[in-house]
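Two complexes, one shared chain (chain A), two partners (chain B, chain C).
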Partner chain A sequence: MNSTELWLEALMQIIPDETRIFTDRADLYSYSYDASFGTYLPEAVVQPKATEEVSNIMKLANQYEIPVYPRGQGTSLSGGPLPVKGGIVLDFSQWNDKLEIYPEDMMAIVAPGVLTADINNAALKEGLIYPPDPSSSNVSTIAGNLAENSGGPRGLKYGVTKDYVLGLEVVTPEGEVIRTGGRTVKNVTGYDLTKLIVGSEGTLGIITEAILKLHPKPEATATLMALFADLVAAGQAISNILRAGIIPAKLEMMDKACIEAVEAYEPQGLPTDVEALILIELDGHPQAIHDEILKVEDVCRETGATEVIRAKTEEEAAQLWRARKLVSPAIVRHKPTKISEDATVPRSKIPHMFQRLKEIRKKYDIDLVVFGHAGDGNLHPNIIADKRDKEEMRRVEQAVGEIFEAAVELGGTLSGEHGIGTLKAPFMEMELGAAGVEMMKRIKQSWDPKNILNPGKIFPEPGQRLVLTDD
Partner chain B sequence: MNSTELWLEALMQIIPDETRIFTDRADLYSYSYDASFGTYLPEAVVQPKATEEVSNIMKLANQYEIPVYPRGQGTSLSGGPLPVKGGIVLDFSQWNDKLEIYPEDMMAIVAPGVLTADINNAALKEGLIYPPDPSSSNVSTIAGNLAENSGGPRGLKYGVTKDYVLGLEVVTPEGEVIRTGGRTVKNVTGYDLTKLIVGSEGTLGIITEAILKLHPKPEATATLMALFADLVAAGQAISNILRAGIIPAKLEMMDKACIEAVEAYEPQGLPTDVEALILIELDGHPQAIHDEILKVEDVCRETGATEVIRAKTEEEAAQLWRARKLVSPAIVRHKPTKISEDATVPRSKIPHMFQRLKEIRKKYDIDLVVFGHAGDGNLHPNIIADKRDKEEMRRVEQAVGEIFEAAVELGGTLSGEHGIGTLKAPFMEMELGAAGVEMMKRIKQSWDPKNILNPGKIFPEPGQRLVLTDD
Partner chain C sequence: MVQQLTERSALSFAYAETFDCVQCGYCLPACPTYVTMKKETQSPRGRINLVKMAAEGKITYDELEGPINLCLGCRACEVVCPSGVQYGKILESAKEVLYEEKSKRAKLFQEFVFGSLSNKTALKTAGAGLSLYQKSGLQKAAQKTGAVKILPERLRSFEKILPQRKRNKWEHFYPAQKPVYRVGFFVGCVMDAMFHSINTKSIKLLQAAGCDVAVIPEQTCCGALQSHAGAKDIAKKLAKENIAAFEKYDFDFIVNSIGGCGAMLVEYGRLLEDDPDWKERAQAFADKNVDISVLLSELELPFTREVNKTVTYQPSCHMTNVQRCINEPLTLLQSVPGITYVELPMKNMCCGSAGIYNLVNYEASMEILDEKMHHVQAAARKPEIIVTTNPGCHLQMKLGVEREGLSDQIEVVHIVELVAEACGIEG
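Moving on, here comes the complex of A and B:
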């Protein structure tokens, strides 16, 4: 037998259930892509359902030096689960047999393949919430969210995935099983491996169980939309709301191009002659948010809002949010390829970032729309293109590079919530410097000396540059 | 010249200001201890005031293989800054020339030696707060708080030091200068070195600047004290308050022994026939906390409180909190040595922990009092002893070991906020297992191959055991 036949046979010893191992080309193809760019065929796919299985697979992978890629539901926008160097994909989507809520400890313990929205739904039955709400939460797995440290609109008030992780069970790249953190809110025993592994994009360990922090469900919510004839005024309104001591649960914005796209796709009655709209949701005590929403309205009017719409019922609130939800389907209507960026800047620099994005749109003659979580500086400049048009994609690649430059120059970051993966790896040194990347690499090397676990992510290969085609 | 003379001369080249280098025995003695146990003389003390100085010192230290220990104001309860292997202490307390508040970004940028309380005071002028409030905040430096990931009463609602760090400037153990994180709330660019360094007790890098997140100042506060004839009922009340969807800013408890000590020290009119009291501070919108404090009162009465005192004025609130503030001075009145532990358990296990502590007190015949941040499970069992009494201290050492065992068995942790340092190093494997400690050690070794930076902390030496005397 050759080496591949040998390790495949050993793999079948570890997973004694042939329905959980795939080696047919048609099956492998389903695991060759995610929601970003590029297709790469693995040699095998396994659906683990126990920590020991994962541990044994990693020991085997080290023995034969086979790359291993953990994968949830493949919703990554940065290439996290792509099997870029062949080898084994571990599909965790079927391992979802544990979802325990501990109301007394305001805590949940979950298996890696549980869908994020299911955790929130289970918490709600106990009067609690799991706050992180990436837009993929109905389809993405919790371990995928953990690996990427997913954000979402509620990040402004509640923080991101990392802020809700108390402890993990992790299989190391060499197959050891460790527990990090625990069931307590405070823990300073040694290095914070929990927060090191969350956001490490599956390169430092495989998450097989997570202990999550829950939060009491807010008593009430209030929603408001404000329209602005001027982009800078919208940015100033956001800043003034926060300066007034109000932290909304969500504070989203959409630019003129988004509004036009939505109105063309499914008319919501929004005026298309404004430059931007902001959408605000407050939550908390009913009296507190009643007072605060009036204050928000005043601030918006004082800062130059042309119109302010306050939802009077839950239906009206849902209607206002519908415009925001329609942005993604609306913008891909005239061209099939959406490049969704998440460059993030300090809040005070949002107007500057708008200006830079306007210049980039003009310079490279690209379809660029801007929406996102403006309250925390996490914008989503989206470029709409057609990946079959090579010339256009070259311009897009250059524009994306310049978006990253702008974010970093304004004191911001390449990625607020989507991760680095394969796509942004070439830009790491721009933000972190050679020494910063080097210190990260040392951790990776000390944990995974044979570079078995999710190779080709985060750290750029020599000469690697951004490629937004599937070739 | 011998090696020491050589590096001392080189040190004087790096710091061209003789008032910032100390080598006299009397001066060195001031840096030989902290607020924990043990005295160790360094060979030199330097007061750096620039990143480049720190960088050059680390390069020199690597060249001559001299241990280096960063130190703030020496308030560590776990031995963090102790120069256990001789070498150079870096005293950061004089480097406090930067304290900038950015209200638009709700952010502060600070030098390492700034006192933590000064940051909060500066933020207050802009209607903001820096929430972490370790009880040492008036005397401890921010870099010391960052190195130890300090907690405090407000941890329940607001989180701990780590939750307020956006970015750091760090000098690596080999003298490279890196920047981690940045000025944005969301950042997923590469591994989270910020949260790895915070809480690493000065073993992975030296913090020379920090970017901190601020929070709007709450509009109002409300305070309530509830007395309980039964410890388990007090624990149940804490749980029921949180289950009612109320997250107090502070939720502290004191047991009977604490109350008696305070009444003996400076009478506050507290009944000494109760088993426990809890002290609650709510903050937020005035109407919201008005409603909530009534609900808290109801919950306490329903759960068996014998008396509930609600502060009607700020003076009354201050008076209620005075009892809690007097605990530390009161309990050391009859014996000079206080061993302050911070073992932390899941909230639901607080009654079980009380029971275990009661058994330990009896078994080892020790003076043990319990108070602390009960809302987040972070109790402070304090043992009062006399360190000159060797026989008593042996019993205390055994009792402390058993407190750690109890915490870990109940799903908790050795340390919620004080750190591991020298004191708790022998217990690391009990909580983390050999593999967990090994993964931490790999990071340390990959960043600091010569073990120059703060050696002898966190990781146990072979055969190391708990010693609570100064010999």
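Moving on, here comes the complex of A and C:
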């Protein structure tokens, strides 16, 4: 028997149920991708359903030095679960048997494969919410969100995934089971390993259970749309709203190209002669937000909004949000490939970032639209292309590199919420410096001496550059 | 059987369409087979990727076949897709390629089934469509071809729930007293053979609501099952026969009571899009086709009695996801005096019937059906009636009720039967 046959046989001993181990080629190809770029074939896919199974798999992986890649439901936009060096994909999507809500402690304890939206829905029944709301929350697993430290529109007011984690159960790369944090809000015992694991993109440990903090459900919401003939004015309005002491639950922005695409796809009656549109949702006590939404309207008008539409009913609010929902299908109508970036800048630099993006669009002659969570500086410049057109993709790759440079120069970051994965690894040093990356590498080496847990992520390989084609 | 990416294979597969999928995964929770079979391979995103891999010669047709055959074709994924991927087109292209590659043995069995459907005389002499499900003809064919060894067990489960057959010859014209619309009625093959009385009630309801109804004898099978199996040439031939038959008359609408056939009829435009002689005629035909609930919910019905029952509704996938006929059946249902409507949780999930899926993939289909019956049990009020809009769903839900031992508590009816009862119309 060769080494692969040996470890596959040992794997069958660890997982008693043969329906949870896949080695057929059709299956291997089905776990070779995520929502980013590139396909890489693993040698086996396993669906673990117990901490002990994961621990034994990691011990086996150490013995045979097999790379292991944790995977939720493969919605990653940065390549997090891609099996770039072959080996074993651990599919956690079927391990979803624990979803416990503790209303008195305002806390949830969940298995790794539970869907993010299901946690929020279960919390709602107790008058609570789980605030982080990545747009994939109906599909993405909580452990995937934890590994990537996912954000979402509510990030402005409520923060992101890391702000809601009290404790974790983690299997280390060497197969030990540890617990970080606990069931209390305050906990300063030792290093804060919880924060280290969250956002480590599955490179330091495998999350097998999480204790999450919940928040009381706001009683009511209010929605408003404002249109601006000038991008700088829109950016100014956002700043002025926040300085007026109002923190919206969501503050989304769409640029002219997005509005035009939506109107061409499914007309919403939006004017296409404006430069930007912002959508604001407030939540809280009904009387408080009743006053605040009027104030937001005033601020928008004073800052030069050409039109302000305030939703009077829930249906009207849904209608306003529909424009934002239609952006995704609208922008891929002519070309299929969507490169969704999440470079993030300080809020005050949003108008500058828009200007830089405009220049980049012109310089590389690319289709670039901008929308996103403007309130927290987390814009989503989306480039629309066709990945079969190699020449176009080279231009896109250069443009993306320049978007990252612009964000870092403006005091921002490569990634607000999608993670580094394979895609952004080549740019790490630009933001963190050589010493910064080296300190991170040392942490990785001490946790995973054989470099078997999710190798090929975060840290660039020698000579690695951005590649947005599949081959 | 390793294929190279020849121009031919890339063309036969809807290869370009696979690039529209950005692999976001939003389709996963909507896919019944992903939910029950619990792996990416049996999901829309997985299948689209495998079609692409097969077109590029990275996997063999044999490796592609399992996941494609286990797809229900319910197309719930298309509705939730944020990128507008044409899954139906990709699926059917794969079925077509696989159909051509299939061994003679397996093909014989399929040709028996589809040959019967497309040949009205054969259908009648064989004792009509029921024979498809009964032991005589099909079992013999299955044994002869050696294609389906476990078929008898599957057939036994369906036998119990099959309706009594009673068919009469169609008159050709059913006039309304004060006609609002002139409609052509599409009878369908399985529907006409197994649920003849539902067609009769449909026609009487249309008449009562103010439609002149014609049942033209030149019509034939819609071609849906053939198309879903990859026998596209047969489907196209049938489509052309139907188009030529109906365009001779000046109908305002062409009406059917069969969610699945209706979906095929409205897609004739797409089916014949590459045929310049037929493209426009096919689209004109498709545009005239509507489900009966569209007209009955718009027109005035002579309700005469109350139906004091708790009723739930299991939508037909093809009616929801392909015809996009969603609100009309509900409006019609809720207009029936006396009923208490209770929504079925996860109602848009397929019941697992899916044409002949429940015969060909019996175990997989029953797992999906069990999931569906859990949802029936979880409804806010226990329904006394489950309403369907398609004969396949009708039989499958009946089987589900039977499997749960609820036959004395829950009745399964076609929406037309319920409305007819409230109007005092007999079959």
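One rule holds for everything that comes next: the second predicted complex is superposed on the first by the 471 of 471 C-alpha atoms of A that agree within 3 Å, B and C clash if a C-alpha of one lies under 4 Å from a C-alpha of the other, contacts with A are read in each partner's own complex, and residues count from 1 in each chain.
We adopt the following convention: a residue touches a chain if its C-beta (ideal position, glycine included) is under 8 Å from a C-beta of that chain, and two chains touch if they have at least 3 such contacts.
On a predicted model such as this, the values are computed, not experimentally measured, just so you know.
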Looking at the superposed three-chain arrangement on chain A, would you call chain B and chain C a clash or a fit? fit
Considering only touches as defined above, state whether A:413 meets chain B (first), chain C (second), both or neither. first
Does the superposition put A:216 against chain B (first), chain C (second), both, or neither? first
Going by the contact rule set out at the top, does A:120 touch chain B (first), chain C (second), both, or neither? neither
So, A:106: does it touch chain B (first), chain C (second), both, or neither? first
Dominant contact partner of chain A by residue count, chain C or chain B: B
Between chain B and chain C, as viewed from the CA centre of chain A after superposition, lies an angle in degrees, nearest 10, of 140
Examine A:180 and indicate which partner it touches, taking first as chain B and second as chain C; both and neither are also allowed. first
So in the superposed three-chain picture, is A:30 touching just chain B, just chain C, both, or none of them (first/second/both/neither)? second
Scan A:56 for contacts with chain B and chain C and give back first, second, both or neither. neither
Superposed arrangement (fit on chain A Cα atoms) - minimum chain B/chain C Cα distance in Å: 20
Counting contacts the way the document defines them, which residues of chain A are shared by the two interfaces, the one with chain B and the one with chain C? none
Name, in rising order, each residue of chain A that touches chain C in their complex. 22, 24-27, 29-35, 47, 73-75, 91, 93-94, 115, 136, 138-139, 328-329, 332-333, 336-338, 386-388
So, in the complex, the side of chain C touching chain A is made of residues 19-26, 28-29, 38-41, 43, 45-46, 49-50, 53, 58-59, 63-64, 66-67, 82-84
In the complex, chain B touches chain A at residues 102-107, 127, 148-149, 151, 155-156, 159-160, 162-163, 172, 176-180, 182-193, 195-196, 198-200, 204, 215-217, 219, 239, 242-243, 245-247, 284-285, 287-288, 291-292, 344-348, 373, 376-378, 411-420, 424, 428, 431-433, 435-440, 442-443, 445-447, 458
